[in-house]
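In the two complexes below, chain A is the common chain; its partner is chain B in one and chain C in the other.
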Partner chain A sequence: MHNTLTRVQNVFGFFTSVAFAAAAAIAISVLLSPQAPTASLELRSVQVVKGRPHYYSTKREEYAHIKFDLDADLTTLFNWNTKQIFLYITASYPSSDPSTIPPSEAVIWDAIIPSNYAPWHQNTYIHPTPKATTKVKKTAKKGKKEIGKAYPAGAQPGIIKLDGQKPKYQITDVSSKIADRSNATLTLHWNIQPWVGALVWTNTKTVGRWQGLQGGEAKFNFPPLKGTEVKKDELKTETGGERNRGSPA
Partner chain B sequence: MFGSLAALQPRQLAAQILNFALVLSTAFMLWKGLSVFTNSSSPIVVVLSGSMEPAFQRGDLLFLWNRGIETQVGEVVVYNVRGKDIPIVHRVIRRFGGGSAPLSLLTKGDNNAADDTELYAHDQSYLDRSKDVVGSVVGFVPFVGYVTILLSEYPWLKTAMLIFMAASVVLQRE
Partner chain C sequence: MDALLDEARTIWEGEIDFKGQRLVEFLTYTLLTISGLLAFLVGFSTQDIYRTLYIGLAGTALTFLICVPPWPFYNWNPLPWLPAKTMKGGGAQLQGISIEVDGRKIS
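Let's look at the complex of A and B:
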C-alpha cells in the first residue's frame, strides 16, 4: 500500500533510525578524543567549630570549614560531545571502623562548567577574577554588564585557578563530631555530562587514549574543636555566583 | 473504518489481533528484561523537574543502573521519598557507612540552593541506599522522554494513541 499514512510512517521510521545511529556513533566516538587532565590541589586551612551549619539545621553540631587552592587544566575533557562538567572537591575521612566500613565522604565545593556551545544558564559557575584586577573591573562595570565566564579571562573551559577559595558547603558527620580526625583527604573529582550518551566520572588510571588525572589530592587532619575565638567572617561559605532557582524537588 | 474491519476473514482478523498482542508483550518483556538486567524497578526514567538543570532538563531520558550498591559521592541517583511515590533525580553530596554498615546518602539538586534534608520524610535526615534508591544514572538522551510528559499531562492523548495503534495494526493488510 502506498497511501499517505504509510509514507509518513516510513519517513518517520527512517528518521528515528538515522537519529539513533548518529547519536550512538557520537556517544561512542568520544573514546577517540585524547584526554590528559592535570590538577594541583592544596589545603589552605581547616577549622572545626560547633554551631548550626545551616539556617535550617535543627541542632548544634560540629562542622568543618575547609579552604583550598586549586590550579587545574581540564581543557582536554571538553570534546564534541561534552555539554558541561560538574567539578567537585570532596573531603574523605576514615569511618568509625576502617577495616569493614569504607571512608565517609562529603562535597565541600562544586562548580558547573559549561562548554562554549552550551546555552547560557543562570546556574553555571562564574570564575572569580584575580584580586589585582578588581579595581579595573569597578570602572568597567559602569558600561555594559559583563557576563562572567566559568574560567579566567583569556583562558578556555576547564582552566581553574583558585587561591584560598572558601568552601561552598560546611561539612558535618553523621555522629555530629568531626574534630580531631586524622588521615583525611581532599580529592578533585568531575562528572562529564554529554550531549548524548554515557556519563563519565573521574578516571585516575589511563584507559586507551584517556590518561588518568595527574594530581588533585591533598592529605590533611581535622584539627581539635575551636571555640568562640574564631571570627564568623572566617567561617563563611561562598558560591560561585550561581543563582539556584530550582524548586526543591 | 468498521466496514473494512468487517470485510476481513475471521481467520485473518484473529491473526491481526494476535500480531498486536505479540507487539505489546514483546515491549513488556523487553522492559522487564531490562529491569532484571539493571536490577532496577524502573531502568529508564524521564526527568520531571528542573532541579538538576543544566545537567538534565524536563523531558530528558535517563538510563539507570542499580548493581553498584557502593554508591559514590558525585553520582546522580533516583530515589523515592518514603510515603510518596514520586521519583526524584538528585546528586549525592555526602555518604556515610557502607561495607558492613548500612550506607547513608545525602543528596542535592544541582539547581537547588539547599540540600534535600527538607525534602525527605519527617524523621529522616539521610537516604538509605538499599531501601530508598532506585538506581544511579549512567546514560542520557535529551528530550526524547517529553512524549511521556505530554501523555501524563493530557490523558486523552493516551487513549487516542492506543486507539490509533490498535487500529493501524488491525487494519494493516500485507
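Let's look at the complex of A and C:
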C-alpha cells in the first residue's frame, strides 16, 4: 500500500472478491423467492402430410403440423435475478422399440420472454393480441408504433394466452414416417436465464419454496397421412422475432 | 530539469507513510465490504438488480477515489531520516540518538 500502483492493485483485487461474493449471494437468493407455475396446454389440431417441410429440404417426407392452446401463468418465475425465460413446447413420441430406443422429442414452438428490466432485443417474443381487442387497437395505432410486449396487454411477464397457436416448426421423424404414431405428448418446458447464477430448467417436483409445474402436458396421437385435401394455408408456421437476425435477405 | 523529474516521480509514485498505509488498508477493506453488503441488501429488498449493480459500482468508485491518491492525511506521520554520517562534525549529530537493530545497540 506504500505507493499508488500497489494501492490500485489492492483496491481492484479486493473489489473482484466483493463482486464475486455479491454475485454468489444473488445467485443463491433466488431459492428464497417462491415459485408456483401453472399451465394448461391443449392440442388444437394435428395434421400429417407428405412434402418438403422446409425450403432447404432435399426430400419429400411425412411431417406433422401441430396447433395448440396454451394458457400459462409463469409470473412467479420472474424474480429479481431473472433476465428472461426461454419457453418451448416439445412433442415426444415413443420409438418402435421402447425397451432399447429412447423416445423422440422435437420442439414445435418456442419464445423468449424477457423480464421488464431486460434491455430491448429484436429476437424477443411478441405476444399476439387477443382477437376481441384488435379492433380497439387499430384506432390507437395511428399515432406512434406501439412496441409489442411478450405478454397480453395489462398483464405481466410470464402470462401467456395462446388460442389456436400455429407451430414455429413442423416436425419430421428420422425414418421420414410420422403418421399413425400413438402415445405422443405435448410438453411445456422452460429455461430460466438469470442475470447471475445457474440456468434452471423445468421442475415438475416441488423443491423447497419452488413448487413444481402444474399441468403443461397434453396426450395425443398422430393421425393418418392426409393428401392434397389439406390447404396450404392450414400448414403455415409462425415466425419469431429471430427472423430479423443477420442481414435482410 | 532533475528537480522537475524528481517531482514528477514523486507524484507518480504517490508514496505515503507507515500509519497512512495501515489506514488505507483498513479503509479499502471496510469501504468495499460495506458497499458490497449494502448493494446486495438494497437490491434484494427492492427486488431490483440494477440497484445492486449501481450501488456496488458507486461504492467501488468511491473507494478508488479515497484510497488511491496520496491524500495529505496519509502523510501526517512521516518517519524522519537520520542525518548523514559524512556531515560536518563527523556524525556529531548522531549523539544522543540510539539506533537499535535486532535488539543490539549500534550507536
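Methods note: the second predicted complex is superposed on the first by the 239 of 249 C-alpha atoms of A that agree within 3 Å, B and C clash if a C-alpha of one lies under 4 Å from a C-alpha of the other, contacts with A are read in each partner's own complex, and residues count from 1 in each chain.
In this section, a contact is a pair of C-beta atoms (placed from the backbone, for glycine too) under 8 Å apart; a residue touches a chain by one contact, two chains touch by 3 or more.
It should be emphasised that the depicted structure is a prediction, and the values quoted were computed from it without experimental measurement.
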Chain B versus chain C as contact partner of A:F15, first or second or both or neither: second
Per-residue touch tally on chain A - higher for chain B or for chain C: B
First, second, both or neither for A:Q193, with chain B first and chain C second: first
First, second, both or neither for A:N81, with chain B first and chain C second: second
Shared contact residues on chain A - chain B and chain C: 1, 5, 195
Complex contact set, residues of chain B against chain A: 49-55, 70, 72-76, 86, 88, 91, 93-101, 104, 109-114, 116-119, 126, 137-142, 168, 173
In the complex with chain C, residue positions of chain A that touch it: 1-5, 7-8, 10-11, 14-15, 18-19, 21-22, 25-26, 29, 79-81, 117, 195
Residues of chain A touching chain B in the complex: 1, 5, 23, 54, 56, 83-84, 86, 88, 90, 95, 97, 100-102, 104-107, 110, 112, 114, 118-119, 121, 123-124, 169, 171, 173-174, 189, 191, 193-199, 201, 244-249
Of all residues in chain C, those that touch chain A in their complex: 12-16, 21, 24-25, 28-29, 32-33, 35-36, 39-40, 43-44, 47-50, 52, 56, 60, 63-64, 67-70
